[in-house]
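In the part that follows, the structures are each spelled out as structure tokens.
Both complexes below contain chain A, partnered by chain B and then by chain C.
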Partner chain A sequence: MTRVLARYGWSLGLLAILAILLVATRLIQPNFGASGLDSLARAALPFAFATVGMGIVVIAGGIDLSIASIMAVAGVVAALLMHQMGDANAGWVVLIVLTRVPDIVVTLAMLFVWEGVALLILNAPGGAAAPWLRELVVGAVTIPGLPPELTSWLPRALVVLIAFVVIFWLPLRRSKLGLSIYAIGSDQHAAFRSGVPIGLTRVAAYGFAGLFAALGGLSITLSTGIGEPIAGPYLMASVAAVVLGGVALTGGKGGLLGPIIAVFILRTLRLDLTLLSVDPNVTTIIEGTIMVAVVMAGGLLAMRGRR
Partner chain B sequence: MNKLLLTASAVSILVGLSGAAAAQDYTIGVSNTVQGNGWREEMICAIKAQALKSGEVASLNIAHRNTDAAGQLEDIRNLIQAGVDAIVVNPANPEGINAAIKEATDAGIVVVAVDQAVTEPSAYVVSNNQEEYGYLGAKWLFEQIGGEGSVVYMRGAAGASADNDRDKGFKRALAEYPGVKVAQEVFTGWQQDQGKQQILDYLATGVAFDGVWTSGIDNVIVDAFVESGAPLVPIVGADNAGFVGQLGSVEGLVGAAVTNPGSIGAAGVTVALNILKGEKPAEQTVLVTPALWDNVSEEGKASIAAAQNPNLDPEWPVSVSIADYTTYSTDEIIACKGPGE
Partner chain C sequence: MAATVETISPLSRVGRIVRENPVIPLVLLLFALIALLNVLQPGIFNERWVGNTIRFAMPLAMLAACQTLTMLTGGIDLSAGVAATVSAFVVATLTPLVGGPMAIMLALGAAVLIGLVNGFGVGICRVHPLIMTLGTGLIATGCLQVYQRYVINTGSEIPWFFEFLGTGRTLGMPNGLYLFVPFAILIIWGLRRTGFGRLLYAIGANENATRLSGVRSWQVLMALYTLSGLIAGITGLLYVGIIRAPSLSLANSLMLPSVAAAVIGGTSIFGGRGTYSGTIVGALILTVLGTLLTLLQIPEGARRLLFGAIILAVTALYVRITDQS
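Now for the complex of A and B:
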């Protein structure tokens, strides 16, 4: 029990904050219900994918500044291909996007490269998304054989997110490669002397980040129905969620559950501030202040725990 | 008995209707995706001032941040959750936010897109005609340089729909003047510092050119010419207060301002309130046609002189009101106070 608490303490704390925020939302807006949860999950989807990608790189001791532009490239590629080839061929287009793993260690320069590539592919918002794919993330889950009331509160977008993270991250974390990612993040020299291939592991970490960024870009295209060549505000947002989620920026520490919960906290916070019609210029200040407060409180708790 | 019931219900419906018509407690949601730009700030202030002046808006719920279409979808859905009566939105993109607009209108919320159009048919559109904006200024510039020569083409943000529409207008004018060449095409991103750096870089190359077309990043371009001592060429800009001031004061500057009122946001509020009160506009789309004021013709000079207002922020458009749609005074929009502030 104490082991579970120690390991998941940060995530459990975040979960409590999220629960409090959701209750607060309900108090502010008594009509908040399934449709609200659904739109929350859909809004969180691109942020969550970006955060998962960033999280893996940060755990490996790096940082991926090009994540938002990769999302833009993936988004416009998907939108353009689906537009040109129509509905029927959308399936293999998705495959291309999903397997589009950049095999290079991404640097700041790549941010500009991808920015340009996105604009070259599509110089203005355009393209299309296959309707059946768009349906994939809209509304609640329906499981055959179960009464719809049971699942009406469970947004499909959330299920899609969990499914991808479970499929890729859980096996990875338990594998040799996953262990190597944590190892090079925590101490590169020690990892090297233990025989961990530093270069290959880093490439793999950035590859997974690219994969999740592509998924994030695809989810933007699915929610908007078009491809947007200008990158959205996902770079800073993903770093923020990773930090809030308990991953140390120095690498080697933390998991992906915390950052994902952090994404939902930040989205719910924005929803509440909109519901309260707080001055928009104050909104970002409040968001930032809460983030600093949570991270500092967590740091203090960790220090006390050590003593 | 039945008759009595019927009369009673009819009366209650009528009372309900008149109650709705006299309601002074509408909530209007606003969604905007560019922050820290003079034009957009004026738009927000115009929305606030008009909402206050109308006396029919209890509160404004403003979602105003730098984001993309996906973020705007989130903002609109949050406004739906907040239960607003109408949403005035400056769309990040003509198609990308259709899904959320449809959800809003299905929920009985009036949606008015301002500045740029959306393709969702259930929304009303009050927009500046951006293609005409590009065409008017470009045509004036090409005529000014005698239909012969090269121009620097300083666009807005790459990928933005307003920039694309203006580009269509610019290209249309370019096709009419085969003697005119584009010497350099750059994207200013509608950022003052970036635009100024770009023109300084180009001036430093020493390549001669005959004119500059800008997508509203204008006063810093004139500054760059003056500061670097380069000979002035005809410059086209928007009706930003700083540039309009320069058109009247800078020695030797030949230029023209194309109007692009940020007060279009207030027009959106007026249209939304009218629809809520049951007066639908005749057309689903209302286009505001831009005007061109040059400092060459007498007519243009008069417009420029009349538009001078030292109280305005240099990045704000001087056309702070739109006839028939806005009722506030210039002082009220500069005060930038909405209901309950």
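Now for the complex of A and C:
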């Protein structure tokens, strides 16, 4: 029991904060109910996907700065073609290993490259989303056999998120590859000496990040119905959520449950500020300040941990 | 970068030359580009064009100074573009209200404040500079939007001094050189001859060793990012004099080229190596390249793509030939 508490203590704390925030929302807006929860989950979906992608890379000891622009590319491509998009990451994961340039530089450069690609594909918001795919994230779940009162509280967007994370992350974490990702994150040299293929593992970590970023981009298109070529504030938000979720920026520590809860905390906070009719620009400032403060605190903690 | 590959075949020799004299291949590349431009558009190369190119390369080179200085310590300043925009917007909107000198002080104060927050985050909290400066950039943009609503009906006016610097000419050369030449000399001299300059190189080369030899690196980083904010603020003042129309995203388009200019100029993004003279040539190259791309009618998306690819390729090249990883 104490081991479970110690392991999930951070996530439980976050969950408590989230619960408090949801109660606060209910107090501010008494008719906040199933539909409010649904739109919250839908708004959080792209952030959550971005955070999951970022989380995997950070655990592997890297950072992916191009995440927001990959999302833009994926969203635009999806809106234009409405295919189940191909992975928007094949090229650059190879680059990281081939060129031996540290990830931070490659992803910085790719940030610009993908931005350019997104603008080339579509230079103004446009395109369309297929209706059946939109149905996937809009509205509540209906499970046959259960009364609708019960299931109406469960937004589809949340189910989609959980489904994807469960399908990809849980098997990954249990596998050899998942262990390798944690290993190279905590100590690259030690991992190398115990026979972990560092290059391949990093490619895999960035590959998964790209996959989730693409899903995030797709989900933006799905919830808005159009493709948006300008990258949103997802980079900063995902880094903040990862740090708030208890993943050390030095790598090798943490899971994905905490970051996902952290995403919902940040989104609920924004919702509350909007409901309190705070000026949206002021909201952006508050949100940015919180994110920077979280990252700073994370930095201080990481420094203390190293000593 | 094409020039460095083509000139000499043994890679190690190129590496040594590039490491010791990064400016020489760059100047060659610059002239190659100008020659190409002259072939594509005969007669474009005249005094007026040179003056204009220098005029638009100056703010870029100044903003790239922020990147060069921070990159020497292994960092980067992604808030420089926003800081320049903030100072430009503040000076243009406050001049009608409080007069020129006061407005300039306030504008530079705002830019220095951004730098100070960056320095606090990077130096004391040890946040990665990329994330820290990106975050302060976001916050500053939000603040600027809120601020804009309070001054929306004051109109804007640019102090005559900056219009003189930005648009005037002396002997065919832009007046901005009066500001830029002393600035460039100061930076180059500061990096080569002063203790602060050497500390930047030392921190970039090996921060632990620097700390063990008694340097308080957080003080250096704090001063560095504050200085970077100040430089960005001055850049904004010069740039608004050139453009003469303040907007909420005035200097943001200079952000990416400024990183590219520093990288092309031979500054290592990992720290410890680079010169400001290289960065100036890098800024000139990018400005000429920009003219070339406009001439060929390349869309904005392809431009960003190209700049990103240049940063990647040049960095990869430097890593390969100097064997530093």
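Basically, the second predicted complex is superposed on the first by the 254 of 307 C-alpha atoms of A that agree within 3 Å, B and C clash if a C-alpha of one lies under 4 Å from a C-alpha of the other, contacts with A are read in each partner's own complex, and residues count from 1 in each chain.
The rule is short, and it goes like this: contacts are C-beta pairs under 8 Å (C-beta built on N, C-alpha and C of every residue); 3 or more make two chains touch, one makes a residue touch a chain.
Just so you know, these numbers come straight off a predicted model, no measurement behind them.
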| item | value |
| --- | --- |
| Touching partner for A:Leu275 - first (chain B), second (chain C), both, neither | first |
| Touching partner for A:Ile63 - first (chain B), second (chain C), both, neither | second |
| Touched partner set for A:Thr284, first chain B, second chain C, both or neither | both |
| Touching partner for A:Pro46 - first (chain B), second (chain C), both, neither | first |
| Contacts of A:Gln29 with chain B and chain C, given as first, second, both or neither | first |
| Which of chain B and chain C A:Phe208 touches, first, second, both or neither | neither |
| Which superposed partner A:Met296 touches (first chain B, second chain C, both, neither) | second |
| Partner chain in contact with A:Arg267 - chain B first, chain C second, else both or neither | first |
| First, second, both or neither for A:Met236, with chain B first and chain C second | second |
| On chain A, positions contacted by chain B and by chain C | 119, 123, 233, 279, 281, 284 |
| Chain B-facing residues of chain A, complex | 29, 31-32, 35-36, 39, 42-43, 46, 119, 122-126, 134, 220, 223-226, 228-233, 267, 270-271, 274-275, 277, 279-281, 283-284 |
| Residues of chain B touching chain A in the complex | 35, 59-71, 73-75, 77-83, 93-99, 157-161, 163-164 |
| Residue ranges of chain C in contact with chain A within the complex | 76, 117, 121, 125-128, 130-132, 134-136, 138-139, 141-143, 145-146, 149, 256, 259, 269-270, 299-309, 311-312, 315-316, 319-320, 325 |
| List of chain A residues in touch with chain C within their complex | 63, 65, 95, 99-102, 104-106, 108-121, 123, 233, 235-236, 239, 249, 279, 281-282, 284-285, 288-289, 291-292, 295-300, 302-303 |
